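There are two complexes below, and they share chain A, which is joined by chain B in the first and by chain C in the second.
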Partner chain A sequence: MDRNQAHRNRRRLLKTAHFIGLFLTMLVICVPGLWIVLNSFRPTVEIMAKPPVWVPSFTLDHYRAMFAGAGEGGVPVFSYFRNSLIVSVTSTFIAILIGMSGGYAFARYRFWGKNSYFVGLMLFRAVPGVALSLPLFIVFAKVGIIDTHFGLILAYVAMNVPFTIWLTDGFFRQIPKELHEAAEIDGCTRWQAFWKVEFPVARSGVASAGIFAFLTSWNEFALASQLTRSVGSKTMPVGLLDFTAEFTINWGGMCALAVLMIVPALILTFIVQKHLIAGLTFGGVKG
Partner chain B sequence: MTRRRLPEWLVLLLPAIIVIAAVVLIPLLFSLYSSFTPYKLTRPSTLWKWVGTYNYEKILSDAKFWAAFGRTVLFLTIVLNLELLLGLGIALMMNKVTWGQRTLRTILMFPMMFSPILVGFQFKFIFNDNIGLVNNVLQSMGFNAALPWLVDGKLAMFSIMFAEIWMSTSVFAILILAGLFAMPRDPLEAAKVDGCTPWQSFRHITLPFLMPFIYIAMTIRSLDVARAYDIVQIMTGGGPARRTELLWTLMSRTGYVDARMGLANAMGYVSIILSILFTVYFFRKLSAARAELGMAG
Partner chain C sequence: MTEVTLSNVVKKYGALQAVHGIDLDIQDGEFVVLVGPSGCGKSTTLRMIAGLEDISGGEVSIGGRVVNDLPPRERNISMVFQNYALYPHMTVRENLGFSLKIAKRPGAEITEAVNEAAQILGLDELMDRKPAALSGGQRQRVAMGRAIVRHPDVFLFDEPLSNLDAKLRTQMRVEIKKLHQKVESTIIYVTHDQIEAMTLADRIVLMRDGHIVQVGTPLELFNAPVDTFVATFIGSPPMNLVDGVVEDGQIVLDGGVTLPVPTTAGRLSEGQAIKFGFRADNLMPAGHAVDEDGAVYELDLAVTLTEPLGTETLLFTNMAGVEVQGKMFNPRPVRPGEKMNFRLMLDKCHVFDAQSGHAIRR
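Up next, the complex of A and B:
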């Protein structure tokens, strides 16, 4: 009897520990983000209050100021948002096209030095953005595409292609060769066979590669901060710094912009979250 | 006479090769060249003066550089190990959850969506010594002192590591969780019947199976270790008094603030080699682990 009781107690203890551990983990993950969202709705006086005010009041001032553009601080958020969107969407689209054709080449053809090509491509992704930004800044300035959408798009395409190749390669390998061979026997050209048979099967892999490319471009800072100068091409991560002056920081405004930045990424990720995990594991383990 | 056509695989790879050559390879060659010159942005003519390995000798004999280098290596070692351990722990906990697992997994993915610059800003706000959440909570609980989180050297390093770990642990957790889902049940049950303790079955069955997943996570992480630059840049900018200076912030300061491009590019090459070593190491581990599991393509 006693042993039974002890065993039951131990299980209950383990269960509680498990619950507390999970709860703490989720707390640590959620609180920082929620704190930002909460503060974007609080008036500046309250954010700066000493001693701290724990019961929040509600105001849309920061959002109003942000969207009014020329408001307090005068950060042209709309332009930044538009720049970010143009650059991210275009570069993702191009990177997917280029990466997909590269991934297909690695998955379907045998050629000499394939593995070294592959690792070589990956190494280009490993070059730190800061280290690349120094020479890229000079080269782009010489060519005259600094501070343009085109320059940034070009840089992001190059940044995203290797990883896209890695992911799509893994996915195309999953598809049996017989599929496109059958299509070709039925009279498709190789091109048609790809778009009509293989592409639809690999779609979830392409979707996850697309998400990663989009997130990388949307969130990138090290390159963007050097390759963009004016309102016409600055992206949101760079724009975030507009709220910091020499000694003061407009916390509320920054929080509002942060929320604006994270919302599209969150929505997009919710839509394709299933593909995201599948993409990473398939591409990596079985590739 | 028919013209020789390029093989199909090359045609398919060509766009990727061209883009990468234009945007990464050529600038890197240029920076390799300029790291042998005293190039200054303010004086373009300095680009044509060859000084040999002067820049490299200079940074290699510079205590500030070595301090930043050592700090970067230390930073990466601590951060990557903690991320792996925490990720493993979180994944094991999540695997035991019977209710609401999908929701929890979605929450777990939040930090992956955050821009590093946003993570930096968020923790700069939270760790602010005057109005930050951490100090406010501490003070409300009765501690009287305001801890100088981002002003004191050691605390600042801790805050930066905390931010970095917050951002990247979920990559490990999610990939390891995916590995746990894919794991066959039979060996574990057999081990239980044979009388293995939970620790033994974890150590000898679960962990070996998870290894490839851990290496994927490591490889993906090692591709952009330099993301830490964004966090440090916005949280402390390398300060106070260079206490949180990493290789990357030192490089960008030398290049953009002091305009000494040649010197900065020489540092850049050291950092590139560091990143490449990390990546190659984990790639090889990954292929070895794959081969062991018979998953090699």
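Up next, the complex of A and C:
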């Protein structure tokens, strides 16, 4: 009886500790994001206040100013948004197309140097993007694709393909090879077997690879800040810099733009959430 | 007419040779079972017939047409896989109709063929479910349905029952046999289970290490195994084998038992080391035997263990120092240690050469 009670207490205690631990972790992750959202609705005085003001007075001034003309603290939000969208969507699409083909090849075919090639792709990921920014800048400048959508898309595709290959390889590996064999016996060519059977089955995996690639491109700052110059190609993360002046930083405006940046990513993640979770657990075995 | 012919078929994986020049003629409408322990090359052979593995050497022809370099879709075969390989994103109906849809047949024809297959296999109720919502036996049936919808020339089965529990396996075995009687197509069936092979096959092809050891009807393999491997692989329990020597025209088993040479045995030379083989059915205690025609050798043996099976009881005992099994029909309870008078049916015994393992038969 006592032992039972002791075990029950112990379990309850562990459960509480578990909960508190999770709460603290989530707090660390969420508070900065929340702070950005709060700041975007606060007057500048409150943002700079010490000690911080927890209950803000609500204002839309920063949003109003951001969408206003150039002279009144406005920034070309719509151009930045369009640039971001074009660059992210296109680079994601291409990266998925290439990455999925690559992942499938790694999962299904045996070829010479396969393992070293795969490790090579992963090593490529170990190089920090910023380290590449100067060489990329020089090469792009010589070729003449600095400050263009194309240049940025090219950089992002190169950045995303290895990860996409790695992720989709895991998903295709999970699909038993008998599926495409059955399809081939049922009259499919290898190509049909892929599109009609293996691709639909791996759809959730491809979707999660897609959202990773999209978010990477959407949020990327270091390369974009080097490779873009003008309103015609600057993406939203780079646009955030517009709020820094020589001696001041317009925190409120910066936060407002950041919120605008977060929203589409959030919506997209919600839409594919079901796939994302199914995909990540499906591929989870390989790790 | 779709006979399948394999001539000198070889499969190599780099330096490793999995199949060593197989010759096999399969008649139209025949049910042939490839059986053997794992790694004997039976699945590889089947996959070469299906076109899923390249053929390293020799020739495979289906219906008189050499298919070595044809892709699977041009061989007009269908295959049932061990793990069913149902398309998880399609309903049962879509799974069944997939091959016809790929072949761009008209919708009405697809519906008709799918419904017909569903009826044969009792799938009507399940047509709108996805494979994940089916039990193992139902999935197995869908896999078979998918195979018959196309009316292929040849059915290939790759260990289709291995993933089912014992009871369901027996049921599906009967269904497969019924299916064969109905469609009358050529069937090539791979299994490692000798009972499946015995019950299903018109002809069994027993393989080991990439070679065919023996081809024949189930009863041929059971009654006249070519070597000790076949003798112990086919039949349950496996054939008892006891080492012995030929002396003075008689067989002396290592433990000292002396037996006359069975009438079935061929020419034996003096001093030849042999293995003496007999099935449990041919070692029966007196009063519990089914037939006592022919030459009988009587011996007293102590029972060490019993396995009652209902209509018969398996008796474990020691003969010439080797554990052997006998069978007791119309069984009565037997205590371990009890001495019984056994009758060995000499006419049904086998003699194998000890070195090569080959049967020495008249």
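Throughout what follows, the second predicted complex is superposed on the first by the 237 of 287 C-alpha atoms of A that agree within 3 Å, B and C clash if a C-alpha of one lies under 4 Å from a C-alpha of the other, contacts with A are read in each partner's own complex, and residues count from 1 in each chain.
Everything that follows uses one rule, which is that a contact is a pair of C-beta atoms (placed from the backbone, for glycine too) under 8 Å apart; a residue touches a chain by one contact, two chains touch by 3 or more.
Please read all numbers here as calculations on a predicted model, not as lab measurements.
Enquirer: Taking the superposition on A as described, I'd like to know which of chain B and chain C A:197 touches: first, second, both or neither.
Expert: Only chain C; A:197 stays clear of chain B.
Enquirer: Tell me which partner A:171 touches in the superposition: chain B (first), chain C (second), both or neither.
Expert: Neither chain B nor chain C is touched by A:171.
Enquirer: Please name the chain, chain B or chain C, that touches the greater number of residues in chain A.
Expert: B
Enquirer: Kindly classify A:182 by the partners it touches after superposition: chain B alone (first), chain C alone (second), both, or neither?
Expert: A:182: touches chain C, not chain B.
Enquirer: Now for A:63: first (chain B), second (chain C), both, or neither, which partner does it touch?
Expert: Touch partners of A:63: none, neither chain B nor chain C.
Enquirer: On the A-aligned overlay, A:221 touches which partner chain: chain B = first, chain C = second, or both, or neither?
Expert: The first partner, chain B, only.
Enquirer: Figure out whether A:81 sits in contact with chain B (first) or chain C (second), or with both, or with neither.
Expert: neither
Enquirer: Using the superposition on chain A described above, determine whether A:240 touches chain B (first), chain C (second), both, or neither.
Expert: first
Enquirer: Which of the two partners, first being chain B and second being chain C, lies in contact with A:41: first, second, both, or neither?
Expert: neither
Enquirer: Which stretch or stretches of chain C touch chain A in the complex?
Expert: Touching chain A: residues 50-52, 71-73, 77-79, 81-83, 85-89, 98-99, 102-103, 146, 150 of chain C.
Enquirer: Across the complex, what residues on chain A touch chain C?
Expert: Listed in rising order, the residues are 176, 178-179, 181-189, 192, 196-197, 200-201, 203.
Enquirer: Touching residues of chain B toward chain A in the complex: what are they?
Expert: Within the complex, chain B contacts chain A at residues 7-10, 12-13, 15-16, 19-20, 22-28, 30-31, 34, 41, 89-90, 93-94, 96-97, 104, 106-118, 121-123, 125-126, 130-131, 133, 136, 139-140, 166, 170, 174-175, 178-179, 182, 212-213, 216, 219-220, 222-227, 229-230, 233-234, 248, 251-252, 255-256, 261, 264-265, 268-269, 271-272, 275-276, 278-280, 283, 286, 290, 295, 297.
Enquirer: Applying the document's contact rule, which stretches of chain A touch chain B when the two form their complex?
Expert: By the definition above, chain A touches chain B via 18, 21-22, 25-26, 28-33, 35-36, 39, 47-52, 54, 97-99, 101-102, 104-106, 108-109, 111, 117, 119, 121-136, 138-139, 154-155, 157-159, 161-163, 165, 173, 215, 218-222, 226, 237, 240-241, 251, 254-255, 258, 261-262, 265-266, 269-270, 273, 276-277, 280-281, 284-287.
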